[in-house]
Structures are given as C-alpha cells and as structure tokens.
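Each of the next two complexes has chain A plus one other chain: chain B in the first, chain C in the second.
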Partner chain A sequence: MNAVIARLVLKRLGIMLLSLLIVAFAVFFATELLPGDVAQILLGQAATPEAVAGLRTAMHLDEPAFLRFLHWLFGLMSGDLGRSYANDREVADLISGRLANSLELAFVTTLFSVPIALTLGITSAMFRGSFYDRMVSVFTVTVISIPEFMVATLAVIIFAVYLRWLPALSVASEVHGIGELLRIYAMPVITLAFVVSAQMIRMTRAAVIDTLNTAYVEMALLKGASRRRIVLRHALPNALGPIVNAMALSLSYLLGGVIIVETIFNYPGVAKLMVDAVSTRDLPLIQSCAMIFCVSYLLLILIADVVAIMANPRLRNQ
Partner chain B sequence: MTSTARRSPRFGFAVNAVGVIGASIILFWILVAVFAPWISPYPVGKIVDFDYYGPISSDFWLGTDYLGRDMFSRILMGARYTVGISLASVTIACFVGVTLGMIAAVVGGWFDAVLSRFLDALNSIPALMFGLVVVAAVGSSLTVLILTIATLYAPGSYRFARALAVNVNAMDFVTVARARGEGIIYTIREEILPNIVGPVLADFGLRFVFIVLLLSGLSFLGLGVQPPDADWGALVRENIGGLSFGAPAVVFPSIAIASLTISVNMLIDNLPRRIRDRSE
Partner chain C sequence: MGNVIEIRDLHVTAKTDSGRVVEIIRGVDLDVADGEIVALIGESGSGKTTIALTLLGYARPGCSIVGGSVTVDGEDTVAISEAERRSLRGTRVAYVPQSAAAAFNPSKTIMDQVVEVAQIHDLMPMDAARKKAVELFRALALPEPETIGARYPHQVSGGQLQRLSAAMALIGDPKVMVFDEPTTALDVTTQIEVLRAFKAVMRERGMAGIYVSHDLAVVAQIADRIVVLKGGEVQEVGATEAIVHRPSHSYTKALIGAFHPRARVPDPEAAADGPQPILKVSGVTAGYGGTGRDKMPKYVVLKNLDLTLERGRSLGVIGESGSGKSTLARVIAGLLPAAKGSIEMDGVRLGQATRDRSKEDLRKLQIVFQLADTALNPNKPVGAILARPLVFYHAMAGRERDAEVDRLLDMVRLPRGLKHRLPSELSGGQKQRVNFARALAARPELILCDEITSALDTVVAAAVLDLLDELQRELGLTYMFISHDLSTVEAICDRVAVMYQGEKVEEMPTSRMKSGPEHPYSKLLIASVPKLDTGWLDGLRDDPLMAAAMEGR
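Here is the complex of A and B:
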C-alpha cells in the first residue's frame, strides 16, 4: 500500500516539476520576449544607439531567445538568480531577508485563520439553513466580493483612525517584546485572515455538506444518532480530504492578498520587493520573485493533493 | 431530471427577489457604462471645485476628489473602464476557454492531454502576480490589460467547460450523432453546447467578479488604467490620501466596486439549481 502511495506522490511531483517548467517559460516569455527593448528601457530616452548596442551585447540580449531561456533556467537551478538591474546587487541577497518576513506573515495568518475558518465552516454546515448559517454566508460572500485593498482600507479606518488601537504602517525593524510584535503584525494579519478565511469557510462548508448528503449519513440519522455525532463521527472523517484541499487552495489566496497587503502596510516582504521592482523595471528581480510565488503556489497544491490521497483510499486506484 | 421549481412562461425558470435585485444593479451599471458621457454633470478631467476632497453637496453629489474634480462624473466614467475592460476580458477568456474545452472533450487523445497539462500549468500562476510581471515588461495600456487578464482566466474556463463537456460527450445522443457521421463542429455546436450553456454562463459571471477584483487590484497598485483616465480601482488609489478623514472621494468608488461584484454573486447564488448546477 505504501508503495502505491509513494508512486502516486512521485507522479504528482513529476507533474509539479513539469508545471514549473511551463510556468518558468511563461514568466520568461512575458518579461523578455514581448515587445520592448530592455537595454533601451534601462538607459532611457537619451541613450546613444552605440550605448544601447553595447549594453545589449553585455547582457547577451543578442543571443537567440531559447538559449537565453536555458541560460536563465540553469542559473535558477544552480541558485544563481542574477544581478539586480537597479542597484547591481545579487538578487538572492535582496530576496533572502524579505522572504523570511513574508513567510512569517503567512505563518501567523495561517495560525489564526485556519482554526477560525474550520470552526465556522463546520458549524455552519451542521446548522445548514439556520439564521447563523445565513449570517456566515452573507459575511463570506461579502468578503469574497470586495477587493483585498478594500478590506485593508476598512481595517485602517476602523482600527487606526477611529479606534486608534494600531499603527497604520508596520515597519518590522525594531521589536521589543510581545506587545510590539502583536501591534506590528496585527493589521496585515487581520486583513489577510479575513480574505483567506472567507474562502476557506465557504469551501469547508461545501465539503461537509457534500458528505452529509451521502447514504451512510442518512443511515446514521435513521438509526437515531445525534446531529453532533453524525457530523463529528460520520461526516467529518470523510470530509477531511476535501477540507485540507480547500485549506491549501485558500492559502494560495494568500499570494494574491499578500501583494496588496504588503504594499498598503509597507511591510518589507517579497511582494513589496516585487512591486517596487516593477516600478524600476528590474527584470531579474521580478522574474525571481515571480518564480518564488509560483513555487510556493505549486507546493501548496502538491501538499493538498498528497493529503487528499492519504485521506481517501479511493483516490489511490486511479 | 424533473424540476419542481415554479416556472415563469417567458424564461422557463423563476428567479427570486434577491436575484432580481442583483440583476437590476448589474443592468444599472451596464447602462451607466454605456451612457456615461451623456449623463455625467461635469467634464471628467475638469477641476470644478476650489476645495479638494470636498464634501457631498447639491452641486457635487458625491463630493470632489484630490484635485477638486467632480467625483460623480468620475465614477460614472469609471464604470466604463471597470465594466468595459472586465466584460471584454471575460468574454475573450470564456470564448477561448469554452471552445477549446469542448474541442478537447470531443477530440480527446493526446490533443486533450497536452492541452490540459499546459493550461493547468498556466492556471497555477497567481493572477495578480502575473499581471505585475506583464505590466512591468510591456507597460500598461487597455489592450495589454484586456489580453493579459483574458490569458489568465482562459485556462480556468477551459478546465470548467472541459469537465462538463466530457460528461455530456459520454451520453448516448452524442454517440448517435457520431454514428450519423456528424463532424466535430456540428457535435460541439448542436449536441454539447446546448447541454452545458447554463453552468457555463454561471461560471462566466463568477469569472467576471474575479476579473473586476483583479483589475481593481492592479489599478490600485497603479498598474491598471493609467491617469488621467481612471477606473474604480484607480479612483480609490488617487484619493487614498482622503482615507484618514473618510472623504467621500475614497468611499464611493469602493462602494461602486462592491455593489457590482456583490450583485453578480447575489444573482448567481439565486439562479435555479438547474442552471447553475455544478458551479461553485
């Protein structure tokens, strides 16, 4: 049985690597092959044709695109992310510190949003159709339908402007003690948790309701089991796979949310680095950040797939 | 499948009150987008008030923005960009996605396998991030925005339509059509499409919401519609300075976005089960 699982996991891993290759191609294509001469852009309007030509040669822009793609790809794989155009530092150095910040933010958000979302999702599925359930779905539909920046600006208005509990900007430079740490993370985490958990609540609820509609749950109902017992003992174990899947998928919303949230709150993470790189057109930095986002997204999907396979023996026979 | 839902004679299905409200708000914004230049009280780019972040008054129904321009006119024109760009992108994305999805389901074989694998990989690119990459590389213009967004959402539409079409493709009437010797185009148009059109339209609506949110997000980051034009996301960005004192100039564009996206969701959630079956 373990061999079967291992083979399936290896297969998923292979698919992930293939996807990554295609994604790398898409990122490279979008940044380097679309119209717009990088050398011209870097040197600006006033550059002489000779200077542009010189820079093109220095940057290997005259080589065929496919060769440049391979060169870039092998560089990525050997850990050489290239040099930043804007300040001529190693991209890897620029990213490493920022990545830790972003991961911290994602971790704290996950820590808060997963338990809340699970509780709300499962209970609203238990009391389907009740007033409580309807309130929860009105809340989730509203949060899903409004842009992330609106959640963030609302949080600023409420917590920073009216209540004056928290600072509007979070600069995680000097941290003394737990209280300060909480104040710094509070705003970005509140915003992200709202966005992510709305998605998670919806998907968890749908997953539990799906299992509640099965024959064995009806059987449990007929033999007189209590509602709590039906949900917790009969439905939940079977809904575990879909729920974990839902959580991994919702956490991938963190990626989109993080770009907006880090920009608004001026949080020094990878996404802020990337948005800044966009304004200076620093292509190597943008490419590397983009690849980091895609890798983390694909990893989340992979984890979700593997957990689904572990939780549901029926998926092993595909 | 027998449906016990009450049917109105006209459409063959009934929509409840919440759905009707949603539909009317959507219709309202579409009309505004079409007729904006004729109904806006002031020229969009003109500075009409000496005060910036002006309050709501009888002259300026929704206040004025950070330069003293009339917010009401700017929001009306913003509807053109937000609704127009989103509608154009979602139409392209769904047309390409659904067509390819149906072809893949009917043709099958290696064509289906290769296309599915490739589009799944594209689907794993976070939308906002890829928008950033493209805008960084080629700059922002209406064409670039529409094509980029369409490219990002076509794979999802493909996957959705293909999953539906594969089920229909296994039905007896499709086998019969094949046995009659009908071609791929006929099978797709006459046998598959009519059977998946309901869920596909619901999916169209949901994708429209995602696109409105993505476009607003891009514009909010300053990478979407470029000044002096502004969609609703860009209006929020321009007037974000008024946030700390709750200026109407930053509140109303946000409300406009929310009203549009929430009403699309309201409409789709309240469509009869028969139509939105399988949509999430």
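Here is the complex of A and C:
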C-alpha cells in the first residue's frame, strides 16, 4: 500500500517540476510581452534616454530574454528568488511576510468553511428534495452567482458602517489579544468562506447523492441500518474521492485568487503583492508569486489524489 | 404449522418519469408456511421483486405501498413505523440481492459488512459475530473461510460474493430469507455451486424463503411452491411439481414451452450441395491493453483460434463470461484488430480493422449487439435508424428508401407505424427486432449475434429466435450466435463451438451437445445447465464428473 502511494507521489512530484518549468517559462514571456519598460517606469517620465539606457545595462535588461530567463531559473534552483526590480530588496524577504499573512487567512477560512460545507452538503443530500435541501440549494446558487466584491462590500456596509461591530480594514499589525484577532479576520474570512464553500457544498451533495443511489446503499437499508449510518458509513467513504478533489480546487483559490478580497479589506497578502508587482513590471516578484500559486495548487491536488486513493481499496491494494 | 408470511390484497403504485401514477401490484395474496420456500416467477415488470421487497417493508424510490397488508412473523410491515421496520430488517427478514457485486460496499471489508447486521441491531458481541460469520462461510462452502472476510469485495469472484451475501443475510438468524434473482448474473457452472449452498443452508435451518427468479429451471430445484406473476397479478399458484409438469394457465404454459426448444431440423437444401465455408478464421490471437514490443497485446484474450462458418448455417459459440466469446465477434467484425492470424471471407482475406475493409466487405458482415438500448441512437426514430445503412451501403433515397424501411419492419414482424417512434418508446423485444432489422438493412450474408436474446424475457426471446430461424431460411443467412444460454444455442444452431479461457476447446454438431461432449470443460458446462426437473440438482451429487468439478473449485 505504501509503495503504491510512494510511487504515485514520486511520479506526481516529477510532473509537478515539469509543470512548474512550463509555468515559469509562460509567465516570464508573458511579462516580457507587457507594454512598458522597467527602467522607464523606475526613473519616471523626466528621465533622459541615457539614464534609462544606463539603468537597463545595470539591471541586465539589455541581455536577450532567454538568457535572463536561464539566469533566473538557475537562481531559483539554488534558492535565490532574485532581487525586486522596483525597490531592490530580496524577493524572498518581500514575499515571506505576505505569504505568512495569506496562509493565515487561507488556513482560518479552510478551518471555517470545510466543516460547514461538508455538513451542509451531506445533510442536504440526506434530506434530498426536502425544504431544507431546497433552501441550501438556493443559498449556494445565489452565492455562486454573486461576485465576491459584492459580498465583501455588503459585509463592510453592514458590519462596519451600520452595525459598527467590525473594523472595515484588516490591519494585522495592531493585534492585542484573541478577541481583536477574531474581529480583524471576521470579514475577510466570512467573505471567502461564502465564496469557496458554495462550490464545495454543491459537489459534496452531488457526490453523496450519487453514492446514495447505489445497490450497496439499498442493501445497507435492507440490513436495517439507520439513515445516519447509511450516509456516514456507506455513502460517504465512497464519495470521498470526488469531494476532496472539489475541495482542493476550491481551496487552491484561497492563495492566488483572493485579490479582490485582499484589496477591499486592505489585507497584506501575496495576491495583492503580485498585482502590485505587475503594475511596476517587477518580473522577479511576479514570477516568484506565480510559482508559489502553482506549487500550492499542485500540492493541494496531490493531497486530494492521495486521500482519494487511501479511501479506495481497489486503488490502494494494486 | 402456521404461516410465517401472509400477504393480503397488496397494492403498490409507481410514479413514472412523466409523473403518471400506475399500479404495479394489483391485489396480490400470498402465504408462506414455516420452513417453506416459495418462488415468485414472471417476466421483468411482473412485480416479483416489488412484492419481495415489501416483505422488508421497503418500496423502491418512486414506488409506494398503497393498500393491503404484508404480515411477516406476526408483524404487518405496511402498518408499523419506520423504526420498527428497521429493527425487523436483517433480524427477522433478510435479503439476498440480485447482484452481490453491486450490493457489497467497495470500500469496506467483507467481514465488516457481513457482521454489520449484528452490529446495527446489537445482537451479539463483535467477536462472537465474527466467529459466527466464519462458520457461515464454511457452511456455504467458501474457500479459506478463516481469512476471506479480511478481503475487499473486488478481491473475490462473483459466485463467492453471492454466497457471501447469503452469509450476510444469515448472520442475524432471520425467520425469512428473501432471494432476489441471486443467480441470474452468474455463469451456469457457478450457479450450481451457489444454488447448492443456498439449498443446503435453507434445508438445514428450516427457514422459510421467497425466491424471486425468471428462470423456471432454477426455481424447480429450490422451491416447494411456485407463484406465477404477470402484470402485478398472481396468475397461477401450485406445488413445484404440478406447475412444471401440469401448468394450467396459458402464460405458465408459454414459459414452459419456451424452455423446451424444438430440436433443430437441418435445412435439406443447404445440406444437398455440401458445406461451403463463408468465413474462415485461422490462428487468430487478440487482446486488449496496447501492444508490447513483440506486437502482442498486454492482456491476451483469444489464443490461436481457428473457426469455420458454413454458408447458410449457424454456429453457436458458448462458454462462461471472460472466455472470449464477445472478443471473437469483435475481432471478426474488425472492431478489435487481431494481433495475429487471418480472417477470410469467401476465400478473400479481410483487413484486420474495419478501416482496412472495403464497403462491400463491411456490408456482407454485420454484427448485432446484446443491448439494443445502447446500440440504438435514443434520439432518432426507428425509421431513421433503419434508413441509415440503406443510404450508406445502397445509396437509396426517397420513396425507394421508405419502401425498404417498411419491408424491413415487415421482415422482423413489427407494425410499420413504429418507424415514427423513438427506441425508448418500444418494448425490449421490439427494440431487439429493430436492432436486428438494422443489420438486415445492409443485406448481409453473415450476421454475428452477440447474446442478442440474453436481456430478453424467456417468452419474448423465444419469439425472436423463431424469427431468426425463419429469416435464415428465407434469406440464406449465416449466423454466428454467441450466448451463455445453452438452450438458446440448441434452438438455433447447427454446430456449437465451446470456448474456454480464450481457446476453442471443442466443436461439435448441436445434436451431440446432450449426448457426447468430449472435452471435460464442455461436459461440465453442458451438465451445469439446470433442467426442468425438481430432482436435477440433488441428482448431480451422484454424477462423478460434476462431483469432481465441484471439488476443484
């Protein structure tokens, strides 16, 4: 069993490296295609052509793009993310603080949304067709169709402006005690939880209903099993594969896709960092962020696959 | 002796997809005495499974019990609450499903599922339950009874799973067992072991049972009484002997009539000018899973197979599932290119794959698949389905094509009005006729029939076979008829080839099937077909060949 999983993980890691290489290549040349010039932007409109040319040489911008790509790639392999073009600081330093913030937010949101999504998804599958099920469906479809900036803005209007319960901005630097921490995180977490759990609820419900229609579930019923037992012991283990995959997809969004939420709540995360980097053509920073998002996505999918295999004895005992 | 089951005036309704409510059980009465096994037989849609499930107080989604009473061991499963029904299930009434392969949860071990009844109803400590399960495994003649429980369902065979599902039902010592076509999905050779195990256990424990089946011969082996159902109503009830030998109702007579195939009379004309080979398969090896460096497939299904089909005759191909029967048809049709060997038609070598064959080659050789449901395009009316090959092979158009469609429908005895209907609006037998008419549209010389009557009810299948026979005489067709049902093959074929593990082990005239197969596997296969005789299963014990074969399993 362990051998199977080890083989899978190794194979996946290999493919992951390849994907990363392709992503790095694509991101690098996509940023190359962006209009504008780093040296020009750094020096401002008034810079003389000579100054711009000098800076370009100093930053190795006059070298062929492919060569710069290789430079950066070798740097990455030796653990050097490079220096930011915009402010000449180590990219690693710039990112580390922001990444910690983003991970914190993602972690709290996951902690919050996964149990809620599972409970709602499973219970609405159990009581399929009931009023409760329909309410959950209406809720999830509504949340999926409302854009997140709308949810975030509404949350700010209600909780910060009218009720004045929560601060409108989430500045993590002035935290005194757990209560304040909760207050700061509340709104971004609520907004993100809304967005990611809707999809998870729908997928969980569909996967559980799928397994509830099988002959072995009918058999369990005819053995006298209670509804609770049927769902938790018979349906759920077989629905686990699709459910964790849906979760991985939803959660991968929490790192790179949350730019709107980070902007609205002025939350200092990686997504915001990356968008800022794009506006200054800060290539090393953009690339490092892209690589982080890519790695996190691939890792989540890998974890989901391993869980799915563990849950399925046919695959586990190959 | 009291009645352990009493069903009175049972009515069950079902809601169709279009929302219409139809009554599928219309006032059924049924009694089962202590220790008695009663069989419910009838074609699909006759309501036999629905009645069996009401004994557990259960109606499938969309169905509901609207009237009557079902008293099992003193409790009316219709009247009691859902909680009371739950406590009844598994302890007093237990269910053995049709397809054990589907009824076992793939992600739990067999032992967990077998002892689950004891766990749900808190009947005994888990250790005791496991011990009891092992005893049941032993009683049901399962291999390695000590350890088989630790395996997962996909790690044991279909016949073993079916017996394990009986162990799952027996663990709670129920008063009543409900068997729902428990051997239908099995090969005949496996069916025997399962039937024997069931019968021994039931007899030993003196339990009452309901045995649902469409196979009269199987039922004759195990039931004390037979109830014949049609359209949700009881047609005839009687002791097994009486029903089998002296049926009174016309439907029962038809069922039994379909079981006794008329002996095949060889066509004298074809015999006159001697056998003319139409198709010659030589040294064919084929399989699945991509080819390796040696050009051989990863999983070899057919091994070096030779076969000759004679013009105007029928060759039956029999064997258990996995023996390569269907693969053979696919290879001949070119759907699966052979890795080695040649296929000749009228002395001309055919391309291995369909794309290497000329339109004329394709026309001469048609294939008809088992499931008309999946073979016919659900979105096209019957007329369009039949017109397609007419356009493709014969470039027909307009009135000529319409006339030909009518003629084809006449040929397969379907009313012409059906051409405007969709396949989903036809019955199973009608669909299979359309499926066959489509092959006829090409005006083929050879038709490969892959289990085309297996999904049909006995009486309907018999009518389709008669039709095939007639068409052969009229059009001089050659058939290769694949089936796991030996009586079907007997009814329509001149010669029979027996396949076993991808090889043809024997070929013989159909007339010799009963009297003298030579290969041990053919002997076992042919001897395993249940006979319409109540003493057949018990009589097998004395047969040295069967006894030896049983030991080996």
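General remarks:
As a convention for this text, the second predicted complex is superposed on the first by the 274 of 318 C-alpha atoms of A that agree within 3 Å, B and C clash if a C-alpha of one lies under 4 Å from a C-alpha of the other, contacts with A are read in each partner's own complex, and residues count from 1 in each chain.
Here is the rule we go by: a residue touches a chain if its C-beta (ideal position, glycine included) is under 8 Å from a C-beta of that chain, and two chains touch if they have at least 3 such contacts.
Source: prediction; values computed, not measured.
Of the two partner chains, chain C is the only one touched by A:Pro313; chain B is not.
Of the two partners, chain B and chain C, it is B that touches more residues of chain A. Contacts of A:Ala65 after superposition: neither chain B nor chain C is touched. In the superposition on chain A, contact is made by A:Ser226 with chain C only, not with chain B.
By the touch criterion stated above, A:Val141 is placed in contact with chain B alone, chain C being left untouched.
Legend: residue contacts after superposition of the two complexes on their common chain; A:Asn238 is shown touching chain C, with no touch to chain B. In the superposition on chain A, A:Leu283 contacts chain B only, with no contact to chain C. Residue overlap on chain A between its contacts with chain B in one complex and with chain C in the other: absent.
Taken together, the chain A residues at the contact with chain B in this complex read 15, 18-23, 26-27, 30-32, 34-36, 141-142, 144-150, 153, 156-157, 161, 206, 252, 255-256, 259-260, 263, 274-275, 277-279, 281, 283, 286-287, 289-290, 293-294, 297-298, 301. Touching chain C in their complex are the following residues of chain A: 214-216, 218-226, 229, 233-234, 237-238, 311-314, 317.
Against chain A, in their complex, chain C makes its touches with residues 53, 56, 58, 60, 86-91, 94-95, 97, 99, 102-108, 116-117, 120-121, 152, 154-155, 168. The residues of chain B lying in touch with chain A in their complex are 117-118, 120-122, 124-130, 132-139, 209, 213, 216-217, 220-223, 233, 236, 240, 243-246, 250, 254, 257-258, 261-262, 264-266, 269, 280.
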